[in-house]
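Once you scroll down, you'll see the structures, which are given as structure tokens.
Two complexes come next, and they have one chain in common, subunit A, joined by subunit B in the first and subunit C in the second.
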Partner chain A sequence: MKLWKTILTAAGLVVATGTSAFAVRTDLVIGITLEPPHLDPTAGAAAAIDEVLYANVFEGLTRIGPNGEVLPDLAESWTVSDDGKVYTFKLHTGVKFHDGTDFNADDVKFSLDRARADNSVNAQKGLFAAIDTVEVADPGTVKITLKNPQSSFLYNMGWGDAVIVAPETADTNKEKPVGTGPFRFQSWAKGSSITLIKSDTYWGAPVSLDKAEFRIVPDAAAAIPALLSGDVQAFPFFPDPDSVAQVKDDPRFKVVIGATEGETILSINNKKPPFDRLQVRQAISFALDRKAIIDGASAGLGVPIGSHMSPANKAYVDLTGLYPHNVERARELLKEAGLENGFKATLKLPPPPYARLGGEIIASQLRDVGIDLQIVPVEWAQWLDQVFTKKDYDLTIVSHTEPNDIDIYSRKDYYFNYDNPTFDKIIADLNLTSDEAKRMTLLGEAQKILADDAVVGFLYELPKAGVWDAKLEGFWENAPIQANDLTKVKWTE
Partner chain B sequence: MTLRFDIPEENFADILVKAFTNRSFLAGFVITALVAAVAIVSFFWTPFDVTKLIIADKTQAPSPAHWFGTDHFGRDILSMIMVGARNSIAVALVAVGIGMGIGVPLGAFAAARGGIADEAVMRLNDLVFAFPALLSAIMITAIFGPGALNAIIAIGIFNIPVFARVARAGALAIWPRDFILAARAAGKGKTLITLEHVLPNIVTLLLVQGTIQFALGILAEAGLSYVGLGTQPPMPSWGRMLFDAQTRMVAAPWMAIFPGMAIVVTVLGLNLLGDGIADILDPRSRRQR
Partner chain C sequence: MTTYLLNRLAIAVITLVLASMVVFAVLEIIPGDPARLMLGMNANADQVELLRNQMGLNAPLALRYLHWAGGLLSLDFGRSYTYSVPVIDLVRERVVVSLPLALIALALSTIIAIPVGLFSAGRHGRAGDTIATGAAQLGVAVPNFWFALMLIYLFAVWLRLVPAGGFPGWSAGVWPALKSLVLPAIALALPQAAILARVTRSALIEVLNEDYIRTARAKGLPYRAVLWRHALRNAMIPVLTILGLQFAFLLAGTIIIENVFYLPGLGRLVFQAITQRDLIVVESVVMLLVAAVIAVNLLVDLSYAVVDPRLRSRQ
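This part shows the complex of A and B:
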């Protein structure tokens, strides 16, 4: 009898430990607010593409880590010539694309040449502007020669737009992405979800998750119920910081407030009267009360900015004191511009809560100085078409989440309609400068010019509110680039 | 003048007595009058300015200073409900006006003419009626842009077939009556008969339908504003208030409860009023009592 009991107990223990080992989940549903327009990171500016695929499905020569650092990826190591112009990358061997074909130096040459070609549809062609030639030394080595030294080159190669694709599948990546990453694409139910599964042929450290589903939850109001019901276990970019309060004290969830590279700005159409007048733009800057906007639109979590640079960046210059909230000064400037009776304008707002909430607050603040804004809510597709492409707008609110993107103000035909040769010259010089101290000075000057010109209303750095199941770990706290890197994510029990 | 042929002798005093002894009419009347009074008062006075955002006071619970609390922008919810009442009533009133103004003549015309004219008018009505009203309103505001005016037009258009049907059905029941025959024998034309004899006899029907449509109009306006297609900020609207409240239901329930109650109470009041009017003026219900 006693023996039987012992055996049973032992068996029970084995079963218990056995099941608990198997009980660790390996599937995950991640909530995302925006659906990607397609799944090719080398052919679109939409952040949602990278938020699904970066580091998960596609990989580059280098990659950006959780804190914005440059890490080796497909390139195992590299050497830089003394003049800073020649980069020789040693590639990992035994790497396969998800369709079974081998990865080698030819794919690197193909991808980079494709991205910088004249007919390239890459959304960030500037990343490749410094490249002169890409040569295949041998299947495991690539030599990239730059036109001029560029200190940000390794960082640039880590962007989602610079990932390596295979020539065979490059044209079909929009619907069926094929990369070298730890997850491969399984299915896309349009309007509903995108599913990735673990790749069996991955070359690097194996991932813990077998399956990751990105569930599209466009409605901020639906995000909390989705978490509470367990339908979605993680929202790395929680859409509405205000409602995070509902789960903050719930032990089942972890709430992590981090930083992003998202300069949230009141964009101004600089060519459209009366916004073509400096006094008018400065009046708007004086009329804005950043504290109220941050408290009302980002639950007090945003960090104020005075120009287009993240406060976390080394090159950051604090210009938030340039236009303190001053209604009197704003009115005087409008009077100088001959608009003492105020004027009417429209404010087009895309769907995110930061824009819709911020828009109402800003409309109220500008009303105090006599600027009567009509609020026009638009969907993302309309926003991209009307505002971003056709530049048919007066004012809008948007968060520019790309890192180090101050150069957008020098881009011809960019939707700000801003044109300042002095600024363009600085950006051009910056691209030719590799000396760190000189770069900092140039970046400082660039920030100062944008602030002096009051090109747009600089509001705050978008906070990243991440909410996920307390049993999950390995998510990024901050968002140095647009990504939901799942390579380190795992269930702890 | 013309009424004397049609409605059994009943003077105004009798109707008043009936009205004040009819419970649903009384309750409906009091509630509706109260909502209307609040809307009118909001033109002259509200406890706080509803277009002024005071972020420092955001999501405060109800207190002596803010009876209904404040919203996520620090606005006083009581003040917003007062101004919102004005918007709701204006939108619903004009929408019912459009529906009656176009629908009733159409229905009466169809009933008077009959034949192909009747068919044509009513099938056209069916076409409009086939679309769910709120969906069509969303369609119209999506095409012509969001805003209170487009919301009014959208809701108004879909009131037209409702009133046309009611007017036609009512009129068809009147046309075979003896006094119409008498009027025709006296040589009156169809238009004159419609104006003098038919319409006065279907006024009750139209009034009752009017209060129902009015209540539906308030709901429709709230619905459109809820999805962002109705009244635009900074003008407060009950529907928008509910939308803003939904992500904060747990943290600030008062943001949802009060505008929700405002809608419920107003719609209830209008429905009671409609029932009451039907009871008082409808001869059939008189017999039942």
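This part shows the complex of A and C:
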């Protein structure tokens, strides 16, 4: 009997120590390429801010899900008035900010009023332009009245720029972010890493990870050894699609290729001769060989596009056949435009590899039809200044990564210099239409007009290459917005 | 000696003032607007203007220069536009990485270079010299980011002795912090050592041809003693000059190595600040580096006086 007891105790001990030794990991190091300039999603356009904080530390009334769908977040449910102008949000109860203060309707009013105030420097102020008033009905209910119905309103409230912050901490979020999310901010070693830890007071389903460290690895060549040595266990946005091949067949890693909302385009200055003529722009479209560009600039991973819409979007219309690669046709069009001897132009290229690599290929393709491009590499600051603000350019390559942004072609003074009242009318109608079928028709028409006008050279949808440890699951495959939502991420063994 | 020192100090001050003007002017000329960079492509012109006003970017040029330069005099380096924290805090966080790294790399480089230079000069023209000179040539030619990657694959990925990159901070303990600086220090030291070895060798060979060396040999001193006591000391001036230049380079010119090992050093701080047009950070950090280089040069000048007594007595 005594012997039995001893054996059982010993066995029990073995099992106990055994399980604890093999307990599932709960810490994670994620590699990111760019360091956020600060940690307040409501005060800057840098994608790196959302890549660390969106859905992890900060939450909005609604949120965007892994496939671009609108999901309830701090708002448990909502109703919309018949005229589409009044949204009444019912908020979750028992929600606390990480500093211990309670979340309620006053915080929602504060956050939205702050974002749309006259002196606000919210980078996406346009998201709030339709809001007329924000009223607190009771601590758990917010009533938002719009100036006019806006079909994208619920989606807009899911952006990182629309997250809910507390009045006490709003001004210090840049350094010490305080939100309502499942992770709270722990530390930021500048130039090195940002660490989040699990929040014990979270209102929703608890997360599996106890600690998540975002480590800044700026050099694409360093990303592979960082994974191989085990220092970093995941790169949800792998910086260099070419070197993905090095880990593709390695069973220790998962390589997941997904879609983004980044329409990669050859932007054309539509007011600058000779690009103000339709034939010239169409000639450029015929001269482009998308397959060669995708192979060379995105390791063959990009999906071709024929207009400004992601192929993953419900409203997508396939217009890639409108301008097939046809050098003869391009030459004919240039001849019709009186440019049979070709012409010279500049191509300004910002730093990302898709632009620098794609630019070389495009320059050689356009040379085949007689357009002699001089390549001018620029940094982002120069690009924003010269190309985007001053519109001092002929051609440039850039990926427009914001979701559902076909309306940029109707913006006054936008850098494309494109002006088409018919297109503007469609976008204006679209904003007022909530009927799904009608919206699809309008979006289809909008895509068709842009393709017919050959406003820009539509190239491909920027791919998202994610690489992570094979024992991890729960990362987003696609990137409908640029975020690293860690709420479902866990180690499987 | 006093005149020598005062002269050097006066030159240092004038250099600092001129440098501050050049740095400020250059950054004014380069295109790019920090406010637009922060707000991105969806913000309208009015908003950008609003932020420019908040950042104080719309004040006249001369006023902004005086404000900044005046701040520097009272050791106030301003606040970063993007990080919105005092520049001096950013610098402090980075110096604790860059300074030890530069010192370790410099020590390594000296430990390798001086003996190699001595060995090579002592066997001038013979097989040993050819091999050592060839190795030094290779050390200069190998691109340091490639060498760094090879080190990472060998010691971090394969042997797993050290991390592939990153810096845990000194708060994580002296040993883990030092471990993460070992590979970058080697990667930085190798090309520097190669250059230093070549300079040491040629300076020594020149000195070894001097009459006093022949005299020393003739009076029967052993070769080793002549080399160490007479030749090396006289060959030190060019070696010290190169060491001074190398230290200045290692302090801030190591951006490539900092990127490969993702170390939060001064080089990356400046690089990031330039891409984000965080002008105040660039200006203030560059000025601090200018001051550091001037200080190092001053030290090198003083060390000349230590190795060469003639400079001490000269008026």
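The definition used in the following text is that the second predicted complex is superposed on the first by the 456 of 493 C-alpha atoms of A that agree within 3 Å, B and C clash if a C-alpha of one lies under 4 Å from a C-alpha of the other, contacts with A are read in each partner's own complex, and residues count from 1 in each chain.
By our rule, contacts are C-beta pairs under 8 Å (C-beta built on N, C-alpha and C of every residue); 3 or more make two chains touch, one makes a residue touch a chain.
Please read these numbers as outputs of a predicted model, since none were measured by experiment.
Asks: Pick one for A:117: touches subunit B only (first), subunit C only (second), both, or neither.
Replies: Neither partner.
Asks: Between subunit B (first) and subunit C (second), which does A:174 come into contact with in this model arrangement: first, second, both, or neither?
Replies: In the superposition, A:174 touches subunit C alone.
Asks: Is subunit A touched at more residues by subunit B or by subunit C?
Replies: Counted on subunit A, the partner with more touching residues turns out to be C.
Asks: By the touch definition at the top of the document, which applies to A:389: first (subunit B), second (subunit C), both, or neither?
Replies: A:389 contacts subunit C only, not subunit B.
Asks: With the two complexes superposed on chain A, say which partner A:46 touches: subunit B (first), subunit C (second), both, or neither.
Replies: In the superposition, A:46 touches subunit C alone.
Asks: Scan A:221 for contacts with subunit B and subunit C and give back first, second, both or neither.
Replies: In the superposition, A:221 contacts both subunit B and subunit C.
Asks: Applying the document's definition of touch, where does A:245 land relative to subunit B and subunit C: first, second, both, or neither?
Replies: First partner only.
Asks: Contact-wise, after the overlay, does A:125 reach subunit B, subunit C, both or neither (first, second, both, neither)?
Replies: The second partner, subunit C, only.
Asks: Given the touch rule stated above, what does A:428 touch, subunit B (first), subunit C (second), both, or neither?
Replies: Touch partners of A:428: none, neither subunit B nor subunit C.
Asks: So which positions on subunit A get touched by both subunit B and subunit C?
Replies: Residues common to the subunit A contacts of subunit C and of subunit B are 221, listed in rising order.
Asks: In the complex of these two chains, what residues of subunit B are touching subunit A?
Replies: Residues 51-53, 55-56, 58, 72-73, 145-146, 228, 232-234, 246-248, 250-251.
Asks: Can you tell me which positions in subunit A touch subunit B when the two form their complex?
Replies: Against subunit B, the touching part of subunit A is residues 220-221, 224, 240, 242-243, 245-246, 291-292, 295-296, 353, 357, 360-361, 363-365, 367, 374-377.
Asks: In the complex, go through subunit C and note every residue touching subunit A.
Replies: That would be residues 30-34, 36-45, 47, 50-51, 54, 82-85, 90, 93-94, 145, 149, 152-153, 156-157, 160, 163-167, 169, 259-265, 268-269, 272, 275-277 of subunit C.
Asks: Hey, which residues of subunit A end up touching subunit C in the complex?
Replies: 35, 37-38, 43-46, 119-121, 123-126, 174-175, 189-193, 215-219, 221-222, 225-226, 228-231, 379-382, 384-386, 388-389, 400, 402, 413
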